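Would you mind keeping the following structure in view while I ask a few things?
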Amino acid sequence: MIPAVAQQIWCVAALLGTTALAIASSRSRRSTALVYGATFAISLVALAGALFSLIARTGATELTLPIGLPWLGSHFRLDALAAFFLVVVNLGAAAASLYGLGYGSHESTPQRILPFFPAFLAGMNLVVLADDAFTYLLCWEFMSLASWALVMAHHREPDNARAGYVYLVMASFGTLALLLAFGLLSGAGGGYGFAAIRSAQHTPSEAALVLALMLLGAGSKAGLVPLHVWLPLAHPAAPSHVSALMSGVMTKVAIYGFIRVVFDLLGPPSWSAGVVVLILGGATAVIGILYALMENDLKRLLAYSTIENIGVIFTSLGLALAFQANGFGLAAALAFTAALFHVLNHSFFKSLLFFGAGAVLTSTGERDMEKLGGLIHRMPLTSFVFLVGCVAISALPPFNGFVSEWLIFQAVLQSPDLPQWVLKIMVPAVGALLALAAALAAACFVKAFGITFLGRARSPAAEAAGEVDRYSLAAMFSLAALCFLAGILPGLVIDALSPVAQAMIGHRMPVQANDPWLSIVPIEESRSSYNGLLVFAFITAAASLAVYFIHRFASRAIRRGPAWGCGFADPTPAAQYSGASFVQPIRRVFGTLVFQAREHVDMPAPGDLRPARFKVDMHDLVWERLYTPLTEAVWFLADRLNQLQFLTIRRYLSLVFATLVTLLLVLAIWS
Amino acid sequence: MTAASDAVAWVLLIPICAAATLAALPGYRLTAGINILASLGTLLAALSLFVIERPQPGQYLLIDDLNIVFIVLNTFVGFTTSVFSASYIAHELETGRLTPGYLRFYHAMYQVMMFGMNLAFVSNNIGLMWVAVEIATLTTVLMVGIYRTHAALEAAWKYFILGSVGIALALFGTILVYMAALPVIGEGQDAMVWTVLISRAATFDPALLNVAFIFLLLGYGTKVGLAPLHAWLPDAHAEGPTPISAVLSGLLLNVALYAVLRFKILLAVNPDAISPGPLMVTMGLTSLLFAAFMLYRRRDIKRLFAYSSIEHMGIIVFAFGMGGPLANFAGLLHMVMHSLTKSGIFYAVGHIAQVKGTQRIANIRGLTETHPALGWSLVIGVVAIAGLPPLGIFMSEFLIVSSTFARQPLLAIPLVFGLLLAFGALILRLTSLAFGEPRGNAAPADASYLPMFAHFALVLTAGIYLPGPLVVWFQHVANLLG
Amino acid sequence: MHNLAFDIAHLLAGGLVLISFMMLYQDRLYALLNIFALHAAVLAASVAWQAFIQNAPHLYVTAAIALVFKAIVIPVALHRIIKQLGIHRDIETAVSIGPTMLAGMGLVALSMVLMLRVTGAADPLAREDLAFALSVVLLGLLVMVTRRNAVSQVVGFMSLENGLVLAATGAKGMPLVVEISVAFSILIAFIVIGVFLFRIRERFDTVDVGALDEFRGERR
Amino acid sequence: MVVISDIFVQLGQMALVLLLAPLLTGVVRKIKARLLRRRGPSIFQPYRDLLRLLRKEVVLAENASWLFRVTPYVTFAAIWVAAALVPTFASGLEFSWSADLIAIVALLGSARFFLALAGMDVGTSFGGIGSSREVMIAALAEPAMLLMVFCVALIAGSTQLSTVATFMASSEVGLRVSLGMAMIALIMVALAENARIPVDNPATHLELTMVHEAMILEYSGRHLAMIEFGAFLKLLLYISLIICVFFPWQITTEGAGPLSYLVSVAAYIFKLAVASLLLAVFETATAKMRVFRVPEFLGAALMLGLLGTLLRFVSRGF
């Protein structure tokens, strides 16, 4: 019986082998099915292994390979945390592979995707398994590299090239931040093993610095505002199943990194750390969802909503930090579990939604919602699962999104016990931000679903759409089922997460399994409890009751007629509410502040025949205030220095001479 | 003579004899073949240095852990480059950029240069080392100018003038070292023999050593290409034949660096002398940042990578300046990796420039589509040189940055900043070179991929797995460097 | 005896520095060449004197080289180049004479400061010699960077190299001195040839190095 | 045995809200009419309306999808379940622990979610207007509601309505600034959520000013009946929520005798009457505001909720 970690490593090896296979068979036409089939099988195996070691609570298993840093070797470790994130990774991977089986057949240049897809999966698995700084960063950057190659798959679109560039630079920025953090953690001696780091003592200032660097490094990968700019560019640029992986899974790997360092390696946190993370998380959540609302490109919208969810997760982690710093183990465990639960949920429904978007993309060739509409008639199955995803991500019962939000709110409600006034005041405020984000998310996904799938088709392409292949549908339906199950049976998930909390926090939430009727009780029953199963049962019962009585005793007659157009029927679908007009009220409320949105109405005088025009200009302040000046500065300096390229030999000599004299002077003064 | 000194002798004899024959022989195929064979022979001789026991350091020659790294690397890259240059030069002949006469000259000079560099490495005598470096420089000057275009001549001329000044400064430094050794060791040869110097350096006159080191640092630093002494480097790389660019970046810079290191050790031994670290760290950072900014405005593909060489030399010098086992190890590793990667890149670039018929970055696009092999090799190379895993340079940069930050955080900040800047520039160019709508000639290239792939394969392996003996030996050298 | 020896060596070395200053002062090419010839001659003398007091005969060779090659051949050659290429005769200076002189003073002071730190362990002769040599080297560089004409830059380089030879010969029993001086003469020959009929001639009307850089327009 | 009785109480409550909801609306309308010096329809008119609608056939727009037809039942069910979970006359309902206050808010949220989607289904501009305004209002109302929940829950130490009710009924609460603010916030939210004046006018038939009505413009027959019924229930729900959180007097706790049940039912109905009277008076007294004043109105509610949450520390901090 080989140890669990070894199994996982074997799976990774198999994935890398698949990469080689893909390169070898890039000519053959069967390679697509071959590669995705292989990755599907492998990820299922890995998933099974990870699930087993998470549920069965097999202790941490370790493995050292004679690669990586020579005197250290490459350490791998599979503990509860790693196991949980392996579950997330491989579940997403399996779903994406299954989806790819169908989706990949539409691919024009498969040889630009197939080799990198398994490599990307391998990278994510390895990051979670790595147990020393070098291996960790190596795999981390390898993951970025592979995903970059996937983003560049359709390299002919200039946008994608730009997206890939921004992505890779931001990724490298993040890596360097992590590198500094690990350098600080492992000290001048170079004790790069996580075990060594764990045992080492860290001064408060060091800890603070490391936390900041982790927020920069992991945050830039996860998409914390204002480091999120690459995300809405890169995620949509990749093929949809890769977008699903990047949004649903890779961001989680970043969160894994944050948890691993801040909760595991860094030792006991300080409550101020909690404050910082809370603020960042709350801000990210609200800003992310506002961007998403304003977006009319389906995949970009989903990417922005990822930013929102990341914000939610970080908020919850911040709560956990705050509680743990004050020694409230139970509350900390609650917040931490909530965060992990949301990680899981988001990986479910975000992958599902991206798959849906991909399905729409393949059958209509459109990502722009303003050109879609009415797809519910032509793609009924897709629209159904997409609806499930929308309900789930909008945190509505009885689906899974609500449960994690609910847990986070419960954690927020523990805040009065906190001794620090800052936290006492701030936690409810952040809770308000979360509530706002949740409500906005609901609005956002009403828009996403309503504009894309409801109403009448806004373009011939949408008119001609058809249902997608069965592989894609299988992938989407399985994820939708998972969303539903996790929603009605949250107790099982919480219990499965408890070893992770136990390992990271030192406490765990009370055992849920033996609560009556499978309901969940975060602290104690008198405080709060929720039972997804019963709520679902009630709703179905009530609804079917109503249906039964009405159809039994009242009329069931139906007549089709034209829609009421205020007296005159409007022939053109263009007269429907568009995405932009749908969010106009919300834009008026928040836009002026967040986007400096200005509306210009140009109404011709009576008798004037030219059409009236309405124009909104919005600004992405993060780009304009932060990134544009930076790039401009760099180019300015580059231009200035570039003049050194065109001097005469005499001037070059003078440079040498000047250097010589300076050094001699320094010497004369110094020694 | 023992077998050992035989081996050493072979390392020097093969090139010089080959040079003589090549100068005499006509005909492209033959000369190219001989060139390859000679380089191979040299490589084998160098490799044999591992197995045989070391000779006693003599008046002139020395084999120790430090230089054996350099010699093997030198001869290896020399060999692969000779293979590459065979196919490259063939193409140059077809296009008529080179005439057979110059070709003969080229091959002869190539071997002379190899001789000079090897001599510089094995010499145990600081005077001899100086002479050897001068030989290597002058030969490369002649080869840079070989195309005889305005640009080439100008580059060669600039290289020549600046190089000569550098040589002069280095010589003055050498004389000063001798003067410092004079009272302690006494007149004559011994006062120039490295091994003797190092054994007695503790008692030398610190003031003289200080001045000496500054002159040596500038003199040899000119060849290393440290900003602001770098002026010759970009043009020389851009205008010379690509094999020469590969050798310049991959080897000549190392030769000069090696010299600097020797004297750094010497200085480190003397307690009263200034510590060379800060000087080297400063110059390293300057070069890194300067080159990083310069990368953004490059329009010529070869000049682009020339500047990236400056950048990496800056990193290496910085690492050695930091000192300490970790940083020194990283420095050595980085040097080896950079040599392999950069020369590999130049092989790719050479073929690309030939098939596209231009060196302007703007006229080359979508390589991965038109020439997959070349394009993806370029991608791998740039990714490697930019310090991304799983390739070798990542490991060294990891060690340098992390150890620096742990020891002197304030130094790590500009270092990281420079790395990020350079990264941004390189990837920016790579994106436009390798991706996007293809532009320019799409005819298949008749290239010799073998050297390129060999280099990248090595770099890739090293990025993931370093063989144990190699590591032990690197660590030993790292401790040697103090 | 030894005192006298010291004084004469001192005198000659000092003379070299003085002549370097005279070079800085010149603004006509021919004059510059003549001064350089003088520079070389004095160098030859001092080398010879070193050879005498160190009774190291091989230094006489160096002296001879200095005298024949630098004091006679090169100046003559440059004279002819100037005639043939029709370089016009006065020196374009990048920095005007006055400041240059001041800078020169500073450099000399600097080299003194640096060298006089040297402990007495090294014999005083060598030490003084080094101080002068260093200043000659620096002055040579100064000439190179403050003069626009290639010829005057070559001259600057050669005077720099004179400083090197001075230092080398000042170092008692330094091996390879002759070889080094030979090597350097070859280097200089290269430069001069380069300036003259070698490539430069066949492409440029003037060796004014600035002109080289005018071919930069199309290639960046 | 206790469980059985509890279940009966639960079912009784569900039946009760079902019965009372239309009546409440009828009463409110009647009072409003009286205040406007009209005789107004009888208070049982809503029942008649519902029955009539149920008997009518459904007219569906051509491209109405399955979502359009499912929505009425989903919304109705969600609201009914939510209403069933709010203790009206008896706390400690058997199933009250299956969902707490937050869950109730979320249930109403899902009802609105589907209604908004249905509004966009047909593809006319009116549905769009309605939905977009509805979600805009919701986007502000929900946070306000949740903040109110926080405020109450932080004071009562629970989000469990039964617990809250018993806690509030107990003597130790006293009068608190934050509670007052919370109550005002809740009332404002309730007005917005139930599409009452001044946020929206349930009786309007001018499309451009409608919010809720525009959203359900396409509905007819039994579907409309379901939605109307849902609206009635929602009003009842909010009022009984206010009652149970802020005026939980005479509410029966578990295991009390049948007599106390009777008393508390009476008390409950009395409170309802008072509430409807107040509502009617308020609605007749104020005018509907422009749609884009609504954010300010709800923003005020949000602020009140937040203030209440923060002020609970100063007002007799524990």
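Note that the chains take the letters A, B, C and D in the order they are written out, and that residue 1 is the start of every chain.
The rule is simple: a residue touches a chain if its C-beta (ideal position, glycine included) is under 8 Å from a C-beta of that chain, and two chains touch if they have at least 3 such contacts.
Nothing here was measured: the structure is a model prediction, and the numbers come from that model.
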>> Can you tell me which chain is nearest the middle of the complex, judged by mean CA position?
In response: A
>> Count the C-beta contact pairs for A-B and for A-D, then tell me which is higher.
In response: A-D
> Could you state the distance in Å from the CA-based centre of chain A to that of chain B?
Replying inline: 44
> Centre to centre, by mean C-alpha position, how many angstrom separate chain B and chain D?
Replying inline: 79
> Using CA atom averages as chain centres, what separation in Å is found between chain A and chain D?
Replying inline: 35
> Between chain A and chain C, what's the gap in Å when you average each chain's C-alpha atoms?
Replying inline: 69
> Where does chain A touch two or more other chains at once, residue-wise?
Replying inline: 645, 647, 649, 653, 656, 660, 664, 667, 671
>> Quick check on chain B: which residues sit in contact with 2+ other chains?
In response: 157-158, 161, 165, 207, 211, 297
> Among the residues of chain C, which are close enough to touch at least two other chains?
Replying inline: 114, 117, 141, 144, 153, 209, 212-213, 220
> Can you name every chain pair that touches?
Replying inline: A-B, A-C, A-D, B-C
> If you look only at chain A, which of its residues touch chain B in the complex?
Replying inline: 66-71, 133-134, 137-139, 141-142, 145, 152, 155-156, 158, 161, 164-165, 168-169, 172-173, 176, 179-180, 182-184, 186-188, 190, 192, 634-635, 637-639, 641-642, 644-645, 647, 649, 652-653, 655-656, 658-660, 663-664, 667, 670-671
> If you look only at chain C, which of its residues touch chain B in the complex?
Replying inline: 114-115, 117-119, 121-123, 126, 130, 133-134, 137, 141, 144, 153, 157, 160-161, 163-164, 167-168, 170-176, 179-180, 183-184, 187, 190-191, 194, 199-200, 203, 209, 212-213, 215, 219-220
> How about chain B: which of its residues touch chain C in the complex?
Replying inline: 127-128, 131, 134, 138, 145, 148, 150-151, 153-154, 156-158, 160-161, 164-165, 167-168, 171-172, 175-176, 178-180, 182-183, 187-189, 191-192, 205, 207-208, 211, 297, 299-300
> For the complex, which residues does chain A have touching chain C?
Replying inline: 645-650, 653-654, 656-657, 660-661, 664-665, 667-668, 671
> Once bound in the complex, which stretches of chain D touch chain A?
Replying inline: 54-63, 65-67, 73-74, 76-78, 80-81, 84, 95, 97-100, 102-103, 106-107, 109-110, 112-113, 116-117, 120-129, 131-133, 135-136, 138-143, 146-147, 150, 153-154, 157-160, 163, 207, 217-218, 221-222, 225-226, 291-292, 295, 302, 305-306, 309-310, 313, 318
